[in-house]
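Common to both upcoming complexes is subunit A, partnered first by subunit B, then by subunit C.
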Partner chain A sequence: MDSFFALLLNGLNSSALILVAALGMVVICGLMNVINLAHGELIMIGAYTAFCVTQKAGLSFALALPAAFAAAAAAGAVLEILVIRRLTGKPAETMLATFGISVVLQQTVNLIFGAQSQYVAIPLEGNFSLGHVVVPFYNIFTILFVAAVLAGTVVFLKKTRFGRRVRAVTQNRSMAECLGVNSARVDTLTFAFGSGLAGLAGALAAPVKSVSPFMGGPYLVYSFLTSVVGGVASFFGTTVGSLLVGESSALLGGLSNDVIANILVFLIIIAIIRFKPEGLFAKERR
Partner chain B sequence: MKKFWCSLLACSIALSCALFGCGTEQKGSGEKPIKVGLLYSLSGVTSVSEKQLYNGTKLAIDEINQNGGINGRKIETVFADYASDPARAADKARKLILDDKVVAIVGTCSSSARKAVKPVVESNHSLLVYPQSYEGQEQSKNIVYVGCIPNQQAEVFVDWLVKNVGKKFFLIGCDFVYPRVENKLAQTYLAKNGGSVVGEEYVPYGSTDFSSVLNKIKTSNPDVIYTSLTGDSNVAFYKQYSAYGLKATVASLTTNETVLKAIGPAAAKESFICVDYFKNIKNTINEKFVKKYAETIKDGTEPSYAVMGGYNGGLFLGEALKKAKNPDQTQDVIDAFGGLTIDSPSGKISIDASNHHASLYCRIGKVDDKGEINVIYQSDQTIAPKP
Partner chain C sequence: MKRLKLPMTRKLDLALFLVLGLFPLSGLLFYTQLIEKYMVFLIFAWSLDILWGYAGLMDLGHAVLFGMGGYVMALSLSAQNGVPEFMERCGITQMPLWLQAITSPWAAVLVGILLPALLAWLLGRFLFTSQVGGVFFSVITLSLAQVFTLFLNSRQDYTGGFNGIGDLPGLALFGEPLTLTQSYYFVFAAVLLVYLFCRALMNSRFGLILRGIRENETRIEFLGCDRSAFKTAVFAVSGALAGLAGVLYAPVNGMIAPNDVGVEFSTAAVVWLAIGGRGSLTGAALGAMLINVLGNMLSEQFGAFWQLLLGFVIVLVVFFAPEGIVGKLAKAVKERG
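Let's turn to the complex of A and B:
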């Protein structure tokens, strides 16, 4: 029973990291209908920002989180203005272009920092035990922080003026434009916001994972799967999706091993997509 | 317009003739350089290790050239990047041999890349100098293996760990050939010297989530966590191991000075590493080498067993070229390798004539709280390879 509880808690931690990576994907893919294959590299930019802030500049990790958001958001804004905007309505071209950008970003970072992994210290050392179960403090911090980010994102999009504009543009672009919404600016800011969330995921993962130019790949796969399973435009769905992916990897990994867990999780996802191609919690589209 | 292109072509032909003419005349002896291929990935997932291998080989060949080359002739390197893709490694090797006409190739890192290049060098009667440590169990008359193999590393390490740390082992690795072979060998070594395996786990290649593995380790309560994890997985494992506050000692076959910088001293302290070379070996050749590396290579990498593999590969090839009857004939170069000895920063090491693997020292290092590796064990003499 103890070990089951440990697995659940661990799963919650993996779910939290997957969720924050996927949130950015939901904003970009769900609201803007852009499949961004450079999402993993935006996460990498966040992780490298955390590295620069904490190790190069010697500042606290608390500053690294907003800095990572800002750096990735800036990169996202540039990306949107230079590339994505010019390929509106061409999904295949957008995918190719963003894939190209992901390679460019990887190799640029490789040239600047080298291919080796970089060191980011764990900001919260230590752990506590519940019976046999060990829980690192940093895991608890991750879970709480991600919950706050999720709440913040939902409030931001549902309650603020900018959020309403974003939703207006997604639901009916021409009508929103008629009513005086600058849709181009909204697109840029939405993309930047989604990218910023990706950067945040990178900074959160940096202390306990590896920071390297090629770290983005697995995150891209997981955030894509999570948002597809949950229903690409639904935050609630993405939360459930990330719990499903994170918990099932942790439980199956704990009961069998990580290689088998990997296979089973993907099989489960394929089954879900087969029977609910719109995702578990798809919104009705008008 | 057509006339312009014609004249441009004529000019360039004339120019290149002139340059070529000058080039060969200036050599004095009129001998052309010896061409050697370097086949490494500076992009893709294995580029972390391969950048270090590349730095090592490049340093060795530059040194040979500065010291007068091969009996007066320079070594000219032709570099090919195979982007961590074994299939491309085979293509690039073929190109190096057939188009660039190199006499030998130094390179490849993963066993899958080497196994892809093996048939190419064999069918073209060429030579590959393989610089990385690997799982053994291979021999080829067209490959010289310079890195350490299990009987020079794992066998000694397991024995030492059982005597000095504890008998209960937990084996982990990424799920591909090298860790599976290493862990299987570790089990046979443990069966011989009274140790036991309390758990064995593999994670998908590149996986960075160790929560379930760490809980299994905690439940099975081992003395030693014996790892051959590589790349991003290796870094993430150490960091999460320290966050979970486990007691067992980590013993690694793959961690080196460059990786250690990413792991950080807090997570790596008190852990053990076993390879053939560490930056902190005390001898004058090594001290000179470490100083030179810091001065010439400024890419964030540290002198490590990977750098040393590449460096030794370059030095051995240089010696073989000097000794060969005709250094332009690959077969003569291959024949020259048997029994070859060099004074390297890792000690006086040689190539075994019967299996073309290197006789190397085995060293065990312990990481201190500043993140430095201190050598705490060194074999009395070089250990002969038994692939």
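Let's turn to the complex of A and C:
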């Protein structure tokens, strides 16, 4: 029973990491309808920013989080202006171009830092025990922080002036332009925001997962599958999706082994996509 | 007198085959061996081209199908003298039943081609009958590649794990090992046959419908064609060809490892086609040859810079030559008259 509880908590932690990565994907893919194959590399940028801030510059992890957001958002904005904008309405070309970008980013980081895994110290040492289950403080912090990020994103898009503009542009671009919204600027900022979330995911994962130039691949797949399972435009769906992916791989991993768990989760997700391609919690589209 | 007019792409094909056919005469043994390996990649490139270039299905995990063929052949070759060494190290002393079944190389060839075809057919059956769009196909195949690599790395007892399966004997016919030249021309013949097969298939009604699906799926459906059946069929054929490429790769390369069959190799094939040009077979072949030969020359001196350059080239190709180098050339020739 104790080990089951431990697995559940572990799963919650990986769900939280997947959720932030997938939130960025929801903003970029769900709102802007752009398939960004360089999403994993934006996460990698966030992780390396955290590495530079804490290990190279010796500053606190609290600074690393906003720095990672800013670095990835800046990279995202440049990417949108230089590439994505010019390929609107061409999904196949966008995929290919962002794939090229992902190779460029991987190799650039590889040239600067080398291919070896980098180490980022865990910012919150210590743990407490619940019965026989040991819970590191950092896991609790991750879960709470991610919950706050989720709430912040929803409030940002639903309540602020900028969020209203974002939704207006995604729902009816020409009408929004007629009403004086600068849609090109909104696109850039939306993309930058989604990228920033990806960077945040990278910084949060950096102390507990390996940081290397090629770390992005699995994150790309996980965040894509998660956002698809939940329904690409639904934040509630993405939350449930990330819980589903994180918990099931942790629980199945505890019962059998990691590989079988991954294969099973993958099969379950394919089945869900097959029978509900619009996602489990898709919004009605008019 | 009427001159036989060949399209530009056919002339390029002929030129490529001429160069490949004459290359061993140069006597450069090392490069002959290398080109032999790249010829195997041609089959793999075509298998992706009929799927992506003609039917518009971008498979980002195509090397899984290649790898299944390759691993089946590698397992069979390593089991020629009883239980393979890497299995013994993991404590397996008895030959597993499934390995006994593919110990005969011809059985391995058959399984190595049919198994990936079957997987592709099942996956196609499952995916294409729903509303799942093209993007989902790409992402599902991409994650398949990741799961496959994970599987290969973890089942050390059956796949040799991270190091893969090495020390494989080269190609042999009827128990006689082939010399380098013989094995080169054996692969060359296989490449020619696959080329003719793909050409004929893509020029047939089947190929026409595939191009129709790429251009406008709904219209093809209205014309009375079951699009999911056609997509599934081309995926299965593509899987069989990719498996064949893998079956040849194991003995030609002498070893197979997860790196040869995972995400990296899948994306490599995507790059060949993107740069060479899709939907003409010629572009796939030239792209595969060009990038591998250049990569071999440059990667020793420049290492990561070569990969970086490749990334930039992909982005530039998308913007300035979305039809690829061969597509661009064909267009230029057409415009000149």
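The criterion applied here is as follows: the second predicted complex is superposed on the first by the 286 of 286 C-alpha atoms of A that agree within 3 Å, B and C clash if a C-alpha of one lies under 4 Å from a C-alpha of the other, contacts with A are read in each partner's own complex, and residues count from 1 in each chain.
By our rule, contacts are C-beta pairs under 8 Å (C-beta built on N, C-alpha and C of every residue); 3 or more make two chains touch, one makes a residue touch a chain.
Because the structure is predicted, anything quoted here is derived from the model rather than measured.
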| item | value |
| --- | --- |
| Overlay on subunit A: subunit C relative to subunit B, clash or fit | clash |
| First, second, both or neither for A:G217, with subunit B first and subunit C second | both |
| Which of subunit B and subunit C A:F156 touches, first, second, both or neither | neither |
| Partner chain in contact with A:T108 - subunit B first, subunit C second, else both or neither | second |
| Touching partner for A:I35 - first (subunit B), second (subunit C), both, neither | second |
| Touching partner for A:I273 - first (subunit B), second (subunit C), both, neither | second |
| Which of subunit B and subunit C A:F145 touches, first, second, both or neither | neither |
| First (subunit B), second (subunit C), both or neither touched by A:V259 | both |
| Partner chain(s) touched by A:L225 [first = subunit B, second = subunit C, both, neither] | second |
| Touched partner set for A:A97, first subunit B, second subunit C, both or neither | second |
| Subunit B clash site on subunit C (candidates 128-136, 254-262, 308-316 or 326-334) | 254-262 |
| Common interface residues of subunit A - those touching subunit B in one complex and subunit C in the other | 106-107, 110, 217-218, 257-259, 262 |
| Subunit A partner contacts - residues on subunit B that touch it in the complex | 42-45, 47-48, 51, 175, 201-204, 206-209, 211-216, 218-219, 231-236, 239-240, 242-246, 258-259, 261-264, 266-267, 299-301 |
| Residues of subunit A touching subunit C in the complex | 35, 83, 86-87, 91-93, 95-97, 99-104, 106-108, 110-111, 217-218, 220-221, 224-225, 228, 257-259, 262-263, 266, 269-270, 273-275, 277 |
| For the subunit C and subunit A complex, residues of the former touching the latter | 56, 58, 126-127, 130-136, 138-140, 142-144, 146-147, 150-151, 154-155, 263, 267, 270, 274, 304-305, 307-308, 310-315, 318-319, 322 |
| Residue numbers on subunit A that touch subunit B, as the complex places them | 3, 6-7, 10-11, 13-14, 106-107, 110, 113-119, 121-122, 125-127, 132-134, 136, 138-139, 205, 207-212, 214-215, 217-218, 249-250, 253-254, 257-259, 261-262 |
